[in-house]
Structures are given as structure tokens and as C-alpha cells.
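Going by the order they are written in, the chains are A, B, C and D; count residues from 1 in each one.
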Amino acid sequence: MSPPTLSPSRLKKVLVANRGEIAVRVIRACHELDIPTVAVYSEADRAALHVRNAGEAVCIGPAPSSESYLRGERIIEAALKTGATAIHPGYGFLSENAAFARMVVEAGLVWIGPPASAIEAMGSKTGARQRMVAAGVPVVPGTTHAIDTEEEALAIAEKIGFPVMLKAAGGGGGKGIRRVDLRGEFASAWRSTKSEALRSFKNDAVYLEKFVANPKHVEIQVLADQHGTCVHLFERDCSVQRRNQKVVEETPCVVLPAATRQAMARVAVQAAAAVDYVGAGTIEFLYSQASGEFYFLEMNTRLQVEHPVTEMVTGVDLVRAQLRIAAGEPLWFTQEDLRQSGHAIEVRIYAEDPSNNFAPAPGRIGGLREPGGPWVRVDSGVYAGYEVPIHYDPMVAKLICWGSDREEATTRLLRALREYRVRGIHTSVAFLSAILRDPEFRRGDYSTGFLTPERLAHLTQAGRNDRIATIAATLARFEGDTRPARAVTTPDASAWKLAARPGGAR
Amino acid sequence: MSPPTLSPSRLKKVLVANRGEIAVRVIRACHELDIPTVAVYSEADRAALHVRNAGEAVCIGPAPSSESYLRGERIIEAALKTGATAIHPGYGFLSENAAFARMVVEAGLVWIGPPASAIEAMGSKTGARQRMVAAGVPVVPGTTHAIDTEEEALAIAEKIGFPVMLKAAGGGGGKGIRRVDLRGEFASAWRSTKSEALRSFKNDAVYLEKFVANPKHVEIQVLADQHGTCVHLFERDCSVQRRNQKVVEETPCVVLPAATRQAMARVAVQAAAAVDYVGAGTIEFLYSQASGEFYFLEMNTRLQVEHPVTEMVTGVDLVRAQLRIAAGEPLWFTQEDLRQSGHAIEVRIYAEDPSNNFAPAPGRIGGLREPGGPWVRVDSGVYAGYEVPIHYDPMVAKLICWGSDREEATTRLLRALREYRVRGIHTSVAFLSAILRDPEFRRGDYSTGFLTPERLAHLTQAGRNDRIATIAATLARFEGDTRPARAVTTPDASAWKLAARPGGAR
Amino acid sequence: MKYEVTIRETTRVVTIEPEGACYRLTWTETDLDGEESVESHLVDLLRPSPEAFHMLIDDGSWEAGCVPSADGYLVDVVGVTTSVAVVDPRRKALRLGAANAGGLLSTQMPGRVVRLLVALGDAVKKGQPLVVVEAMKMENELKSPIDGKVAEICVAEGTTVESGARLLRVDP
Amino acid sequence: MKYEVTIRETTRVVTIEPEGACYRLTWTETDLDGEESVESHLVDLLRPSPEAFHMLIDDGSWEAGCVPSADGYLVDVVGVTTSVAVVDPRRKALRLGAANAGGLLSTQMPGRVVRLLVALGDAVKKGQPLVVVEAMKMENELKSPIDGKVAEICVAEGTTVESGARLLRVDP
């Protein structure tokens, strides 16, 4: 895997059209290749970490993303003004916006992502299903087109058999999806899915799929260069989900038979080839542990939040790969060079209160100590003293651990979570520890139905230490009441205390 | 490499007889195996990170290590008091003290290290040389016994040929070593080596070796279980040294031919077997790039500071391995399972001022931001607000990066150093970056003579940014003078400024 | 000194006194069966930074973060953040007199008021949604704590509110 | 406002004025050939914490740490820490009058005084070792800044000293 040097002409300076941990991640990859970087930021993000870490920074508008991070023309203007020659979109925001991808290229800039045509082909869920069927890729039984009327939809549902899933054709990110278990619930589900689809995606087209019971969500990472070579980097198991949002991701998927892994990977490369894909992409599948079958779900034509677990087991830096592919380099390794080595697990740290129905918990991080040591990776978007803003996604960091096997990765992640200190806001840290301690999670055969309401109720109460909290709060109040002028015990002040401490220094 | 579960009976609770980053490292490994931990600390270390991270903590005496970390009987007392069943010594302090190892075992505790007999056998440099010669291990030409008189020593030196090295038989850590280039310098070198040996090691025995010109310092990591199995984990190149102290360590050693690596590893396993070694150990060699020959230098019968680079390329957690071996488990992998995958480099972050002849720079860390992201490992012993004490070693952290090849590891480490922010004290961060940018370092064929006075003068001046420092200090002073009541611009206060900023928000 | 320390509806009366260079904390703990036992701990406290409390409690090493909040502290221990109210009983009567807690609606979460569902003077039922606050792309409905009449509205649609901010008052 | 800012024997006279919500800093830079050029920068400053200075300087993103020290600030930029003295010229005369800098010996590094090599009244030469301070297992010899006589000794052997502490005074 000896890489040639990066062709320098096309990536003189990269603008990162994103914020948070992913903007920091991309900036890091650029700096490792000695490519200068430009951050863009909204007025609410002057203090954001990606602004601190970038080489340059340009303000592109007010706090709401519709007035800043989603304003393609301002981003392109910032690139031209600072002399950036390429744009990396991260994930979310404009990353899967084909029109923006086109604008970037038309402005004479390099788009670090797949061609607009590939984004479009995969952007419509029904269109993608049609293409995949044509390419011989197995899809979940159902319609490949949006359905016009409720009557027609109901007829199809009865033919396929309940339960079924109603899905917004223009949807994504777990929204616009509704399960219907019974005939009697169909009418109301149909109407609410259509109206949510219209509201969320400005497109009320809805299609229908068979509901696969207790599936695993397994996805395959692919990388394709501009010269027709496409490889896969194995799978990720992202079945721990809450409200269709991934919470924990790992690789390998322990219950996936080797032959199924190979078949799934082959199909994924086929799917990418079918849309002339270039860059990093992910093909999502449902995998039934009961039947051993798998079905194409959708393709994400961008970097995924969970890309680090793949990096940890393959040794391939996916963002570096995106940059080199965008610079026109051929892939510098073959499918045969790639191996899954050890095991990696990622958890997403959110600013939310698990004990209060996961209410968002923005606010000032009064103190922060991130874990470290061997095989612990923190992809963070925050720092001590940072005010987590109310305007954006509540994810503050990702924590990834590698281990020589799944047990080692799990216990290492538990250790790292134990070290994680986020002060002044609620986070999901203890909830994530509780998931990692759950016996079903430890077996590895959990499905997307893992986080049942009962299990959530149980897991969100784990790890309480009320006596220690009682002691700390009492000390805080007492020191505040009795020594308001100097409330902090400095290490110095404590030195003399040792001598007086019973059983202490001798 | 599927590990059996840890035999639980012998390691119920582990006391870590050390401080700083290595104590934190060992505590992490224990917590990953669900083993409770006990920290010991001196009165100067109440605020140390290892005390914060451990499960329990016991004060064992005043600041000087001779009254705390070197007091074996107090450490054993602390173990018995807290119910610890085993002691891990880290490196330095009592880690290579055979008498302490014996005391631990006699107290009924598990010693997480090699048998006292192996420590003793390797503790005397001359004794070790004798044993190695007997075991067929190549040693540097010279004497295998301490030399009695100056006359005798001079005669041997003339026979071997100048330059020669005078070495304290009881020495270690780069101390008690003196190079003699000319006959005329011999008398004074002899006397000063003897007196330094007496002062530092309470043992004035001195022996003599041929000086190997421009060698590489290459060492082999071994792991041996209690059941007679010993494997090696390849080499580390630790040739970047200042005053015989390692500064940068990497693996693999790029100029080492595969056949030499194999021969050296075979010899290392032989050397370990010759003393019935158990646990993690390192055999150090001098390797001559000119002749292709290598010579046994000494064996370190403990964990090394630079163990992380081996972990990163082999995937083996060496501290976890120490614990499992001490618990009586057989090694759970074979030599054939081990591979060198990619490349890893470590740099040591010191509290010192490179621009002022590397003067120690203890003091309060006014702010700290450690780097993160993919394949960046920070083994730190400090935190923001911590006062680096004057009493101990100036190393505050180690930074380790892995890459799929040496170029990737190097550029990643440069990126991580660029992110490293240690406020309020001088550190070696920029000096380390300058080393990594040096063309000779980049070629990889540097020897232990790499850091010449001329190169040091050059490297310690790199990376200055006086204009930025001028601007920042002026701002600090101006805000202090004009708004003493509220010297800090909060993110909030800055929001309104954006609107007014020329070319800012629109 | 005595404090009433409340975590999730459980209140402990904690006595704290300096003892040598440490602190002694004592309280009576009631277990699930109603059995009472006295807890007494000697705490060697170090505050590496104002919000970080490192405590050696009978040799055990514990760390908590305490960040002052509207009604006490936000305390985090091993990843769990909890609101802890600490009340000095001598001042309690005073505070209760001043407050009018029953019908006050405030937000636990900073955000933006996206919809006001009631107008001044409206009769409302306990549990009826009154205001919708949005943060991080999630909407939260805040419900009336009591039956009554909307007596005061302190925010308008579009207002950005801090955590703990008073939104409106319902009088019984 | 004007300041004299000194880094490693180079002094710049820097003018700083608020400009809109930013600061304008101006000074004359002299290059190695003695050529002078005027530098003028608009700085958007954010202090995420008291010691952290994040600066957008003409769109460039820079960060420095500034920790107050005995004679100004310890400033770190991309891994290099430097002492920076910042003097208000209007107050300078005053300070010079008070100080008696020439023969003062102070330590840059906190540590322990392990040996005093001179006694009160001793005649000493410039460069002659006067005191040995130890920190982190390394000994540092501090030398006389001038020829003269030891006029004052402020520490004893075994004393622990802070960075910047005055150790002794040599009068010419």
C-alpha cells in the first residue's frame, strides 16, 4: 500500500462546507496532506472548534442553517474569495445536494464527492429501487414507484401482507417512515406519512415496502476512483437505533456469515457501478438473521458519521482517500490488499438528557476531559468552555475504540466512557455505557428493534451515583457559603491538608 | 487471537507503584479488565492525574521520591491496607529493583513483572554481558567484567582501539557513560566515570566497550509467559537521542533488512530465555548501518516508555498482556500470528525550554488542548490547570501516531503536534515538529548521532511566529488595561461584533 | 452546617463540618424497605478547577463536576448528569414565601419559542400543552402544571430563551 | 494606545485601537536588511477562555495562549512558547526608576536552591556561577550578570523558589 504523492494541482486549498466534528475531521485530513483549509461559519459559530482549527475562516450568514450552511452560493463565494480550489461537503447540509455539486463544478472548483448524476440517481428512493432492481440487486419486496392513491396502496399492502412500511420517496435520515401493522391503521398512517413527507422534503410521494421483522441494519462502505476501480471496505452493523437514528455502530457484524458478507459486498460494488460512482459511499442493507437474506435499503452518496469504525479495522483513512480520489489519483491498493483486522465500535455522544426522554441539552460545557490512551479515538466538535448552540444537531463528539477482538473493543470503550467528563450539560455518556453492558448487545445478535421502550426505560436509569452527587453538591454549596472570596481549593492549599488528614501522610 | 477470560483469582485489585502517564496507562488497562485499582502518591501529587483516575488512592510520603515512590515497604503496606492483590511497578522507580520484587512476592502479592532473578541477572551490565556471551548473543567488543585499575583499562582500550566507551556496570537510563576518543583523555574520563558511577548508582564498577560509530539504537520487544513460551514483537528504532535520552521512537526501523530483523529477534528471544524471563521486556542493540552487524547492549526488565509504537503496529496491548501473564495465563497467540502492520512513531512531550538549552520548565499548565482524531494516541499525565511539579521527570505526555506507512504516520504526527496546545509552560512540541520535518529524519537512516549541536541549534529555533505572538500579547495587555473588570471576551459578546466586522456577516 | 439536598425527589438532610483538613459529611439513608442507616464519610477535597471536585472518600477516589444552575447544581458523576438542589433550611421559609411555584412554567432547555398555544386569560387544564420550544431541530411541548387561568406570558413567539427561563404563569 | 512589545531582544512599538468590533494593530517591521515596512492588521478576537486568544487576522485563523508572567506574558503559538514583555511607554520611566535591574539575579525556572556558591560581600565576575537551582532532576547554574559585589542574598540552600523569584543582588 505504498501511496504515490498527491497530485498537487487540483487541491491547493480546501474549503470545508460544514461544521462540528466532521468539519474538524476533514480539516485534519487536509492538514496531514499539507493542504491549507478554509472554514465557513454562521454567526452562531464564531467560537466553534472548526473555526479554531482551520487555517482561514469566513462568516457566511446568520445562525439558521437555511441562511448559512445551506446557502451554496455564499459558500462558493467564500471559496473564490479565499483562493480555495476544492470543496468538501462533509455529511448532512449540502452533501447530497446534486444542484450544489453542479454549482461547485461550474464555478471551476473541485467537488470532493460523487458526480451530481450519481447523487441524483440515488437521491430518489423509488428511483434508486428501480435502478437496483435493474442491476440485479435484491430490494425489499414492495413498490418501485410512488403510489398515487390510498386505495391502490392498501391493495398492494394486502397483497404483500402486513406489517408494511410506508416511506417518503424523497426522505432520508430516518424521517418520513411509518410502520403499519394492521389494515385498520392504514388510512391514518397513509395520510400522516404523506403530510410529513410534504412538510419535511417538499415532496409527498410515498412508496411501500414489506416490513422485515427484527432485521439488522448492515451497510457496506465502498471507495471508487475516477478510473473505473471500485473496492469495498467491508460492513458496518448499525442496528442500535433510536427513532431510526444510529446510536452505536460496529464492525465486523458478528452474526454475518462470511459468505453473506462477500455476497453483500459484491452487490454493493455492483450498486455503485450502476450509477458510475466516484468517491466514498455507503450501501445500506436490511439483513434478516432468521432467513439469512438481505435487501438493498438505500445508498448514502457521501461520507457517513460512522466511517471511523471502518477506518480502524482496515487502516484506510477514508477522508484522505476522498481527497486523493478527488485529485484524480487511482486507488493505491486493491481489493485483495484489504483485510478486517480486529474490531471497532463507535458511540455518538449527544447533548441530550436520556433521563428526560432524551430532551436536547444545549448549553455551556463548564468543563471537559476527553478520554485517551491506547486505541481510543475521539472525533470531537467541542472544547471546555464551549457553548453548545441550540441551532444545530446535538451530537458533540464521537468516541471510537478498536480492540483485537469484540470483547477487547467493548471493554476499552467502557473504560473510555468512564473517563469521559462533560460538565454543565446532560449527555448520553452513561446511557451508552449501559448499552455496552447489556447482555443482548454483548451477544451481538441484536436487531434494529433492540431499543424497546422497556429497555430504554431500564438503560436510561443505569449508572446513577446519587450519594456521590449528594456529597459533591453539599461540598460545593458549603465552600460557596463559607469561603465565597476564594471558593477553589488549589492543589497548593491542599498540600498542607495532607499532613492533617487522618491516615494520610506519615 | 481469541483470548480466554482472565483468571480472576490472582488479580482482584492492582496497586500501581508509579506516577505520571505510565500510572495512568496501567490504570486504564486494569479498568478495561474490570480490575479495581489503587494509586499511591506523594504529598506533592495529591492533584496528579493518576490519583484522579484510580479507584482508590493512598498517600505514601513526602515529595522526594526517596521518601515516597522509592519506599517499597510503604507501598506494600498500602497494598495490604486496601486489599490489593498485585503490584504493577510501571517503569523507573522500583521497576527494576529485584529486592522490591522479592518483598512483594514475600508479602503474598503478585509482582507484575519478571522474576527477581531475571532482574538481577540483567541488572549488572557486566553480568549481563557475560551471560549473553555464554548464550551466543553478539555483544560489543570489550570487557565482560569490571576493570580494576586505570592501567589495565588503558591497556585494553589500546588493544581494542580508540574511541572506546567507559560504562558504569550498575548504570542505566543513559547515565554513567563516557566516550573517550584519545589516549590523552583516558585518565580524566576514567576518574569521572568512576565517581559518577559511585554517586549515581552507589557502585563504582566500570567496564569498557568499543565505540560503535554512528550506530542505530534498535531494540526488540519480547513477551514471555509463565509456561515457557516467549515471542518477540519486532523492533523499535530509538536512535533520536539527546544526552543518551530517547526523544523520538518508531517502528519498523526502515533501514533494517528483513534478514537482520529476524536474526536480531531470534537473538532477543534467546537472551530472554537465558534468564528464564517472564512478562514484557526489551533487548537493546546497537546496529551498524555500515557493517550490517548488531550487538547486544542491555536488557530492560520492565515496560518501556516507548512501548506504544509496538502496540500500534502489532495490535497487542502490552500492559493487558503483562496483567494476563501475571495472572498465570499462557500466551493466547503464537509468533506466527504476529505481524507488523503499518508504521507508528512516538514523541515525548517534555516540560522544558528547547530555546534555553532545554532547561526544565515546571509550572502551572494554564490551558491544555490535546490533539485527537484518527490514529492519534495521547498517553498524558497532565490536565488543564495542573501544576507540573519540580520533583519529578519533566515528561508530561507521549504522543503516538499510526499510519499505513511511514509518510502517513509522520504527516499525521505533524498535524497532531500542530493541534497540541500547552499553555503557561515551555514544552518540546515545536522542537519535535522540527525533528519530524528534518530531511535526514524523513529518510530514516539517521543514527544516534543525529542530534548534533549544530542540528539542535537549528531545530530549536524552528516554528517561531513572533508577529502572531506580538499581536496576541498586545491584545492581552490592551484588554487588561481597558476592561480590567471583565477581561474575557465571551462567545456571546463576540456575536454582536460580527455584524460590525468589515467583510463579516452579511 | 445542615443542608437539604434533593436529587430526583429524594431529599437527604446532610450535616457537613470541617474535620482536620478534610470534611465530615453525615446523613441518614433510607433503603427501599424503609430501613434507616447513618452514612458518615470523611472527604479529602481537591478542586483542580472551579467546577471539578476530586474527592478521596475513605480512600476511594471519586470525581464529580458541579456547575451552578438555576436551582442548585448540575452534578455529573461517571457520565450521569443530575440536577441537585441544595437548600439551607434556615433560609428556606424565606424563599418559599417569595416564590409562587405552583403555576409557573419554565423551560429546562434553552431554545427558541416556536409557538404559543394559549393567550392571556385562557382557562387551561393540567397537562394541556401551552408552549412549544425548539432546540437542536427537536420540538418540546411544555404542559400546564395545574388547572387554572393564564395569568402572565413572559415570552413571544421567536424569543430565544435560556435554560430555567420563566415562560408563563398559570393561576389556579 | 501604544505599547513596546519585546520578544527575544526585538522591540516593536505597536499601536492598537478598536475598529468597529475588531482591533486594528499597526507597527513598523524591520527586516534583516534593515528595510522598514508598515504592518497593519484587523483582528477579530475571541477568547474561548481567559488564556486562549483566537484571532481572525485578515481571515487567517490563529490561536495563541497568553498566560501572565513576571515580566509580561508567556505566549504560545503552534507549539512555541515565548516570553513577551509589553510595556506602556508612559509608565516606563517610573518603572525604570524603581527597578535596579543590572545586578539582580532571578530564576526563570521554579525549583529548589541546592547550593549557594557565594557569600554576602564576595567580589564576583560577570559569568561567575552564583547559585545552583534544581528542578526535575536537573541542576541549573545561575551566573552573575555583571562584575561587582554580592550586596544581598534573598534565599537559603533548600529554599523552594517560584519562577521569577529574586535570588540575590550584585552591586557594581
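Points to keep in mind about this one:
Here is the rule we go by: a residue touches a chain if its C-beta (ideal position, glycine included) is under 8 Å from a C-beta of that chain, and two chains touch if they have at least 3 such contacts.
Worth saying up front: this structure is predicted, and the values here are computed from it rather than measured.
Of all the chains, the one whose CA centre sits at the greatest distance from that of chain A is D. Two chain pairs, B-C and B-D, are compared here, and B-D has more C-beta pairs in contact (counted per touch definition above). Centre-to-centre separation between chain B and chain C, using Cα means, comes to 47 Å.
The distance from the centre of chain A to the centre of chain B, with each centre set as the mean of the Cα atoms, comes to 37 Å.
The distance from the centre of chain A to the centre of chain C, with each centre set as the mean of the Cα atoms, comes to 33 Å.
For chain C, residues that reach two or more other chains under the stated contact definition are 44, 46, 48-49, 59, 63. Contact with two or more other chains is made by residues 46-47, 53, 383-384, 386, 418, 491, 494, 498-499, 501, 504 of chain B.
For chain C in complex with chain B, the touching residues are 44, 46, 48-49, 54, 56, 59-61, 63.
Note for the complex: chain B touches chain D at residues 351, 353, 355-356, 359-363, 366-367, 390-394, 417-418, 420-427, 429-430, 432-433, 463-479, 481-482, 487-491, 494, 496-502, 504. Looking at the complex, you find that chain A touches chain B at residues 1-3, 24-25, 28, 31-34, 43-44, 46-47, 53, 59, 61-62, 74, 308, 311, 315-317, 320, 341-342, 369-370, 372-380, 383-384, 386-387, 404-405, 407-408, 411-412, 414-415, 418-419, 491-492, 494-495, 498-499, 501, 504-506.
Chain C meets chain A in the complex at residues 1, 3, 5, 7-8, 10, 12, 14, 16, 20-23, 25, 27, 29, 39, 41-53, 55, 57, 59, 62-68, 72-82, 84, 86, 88, 108-112, 134-138, 140, 160, 163.
Only residues 39, 46-47, 51-58, 82, 383-386 of chain A touch chain D when the two sit together in their complex.
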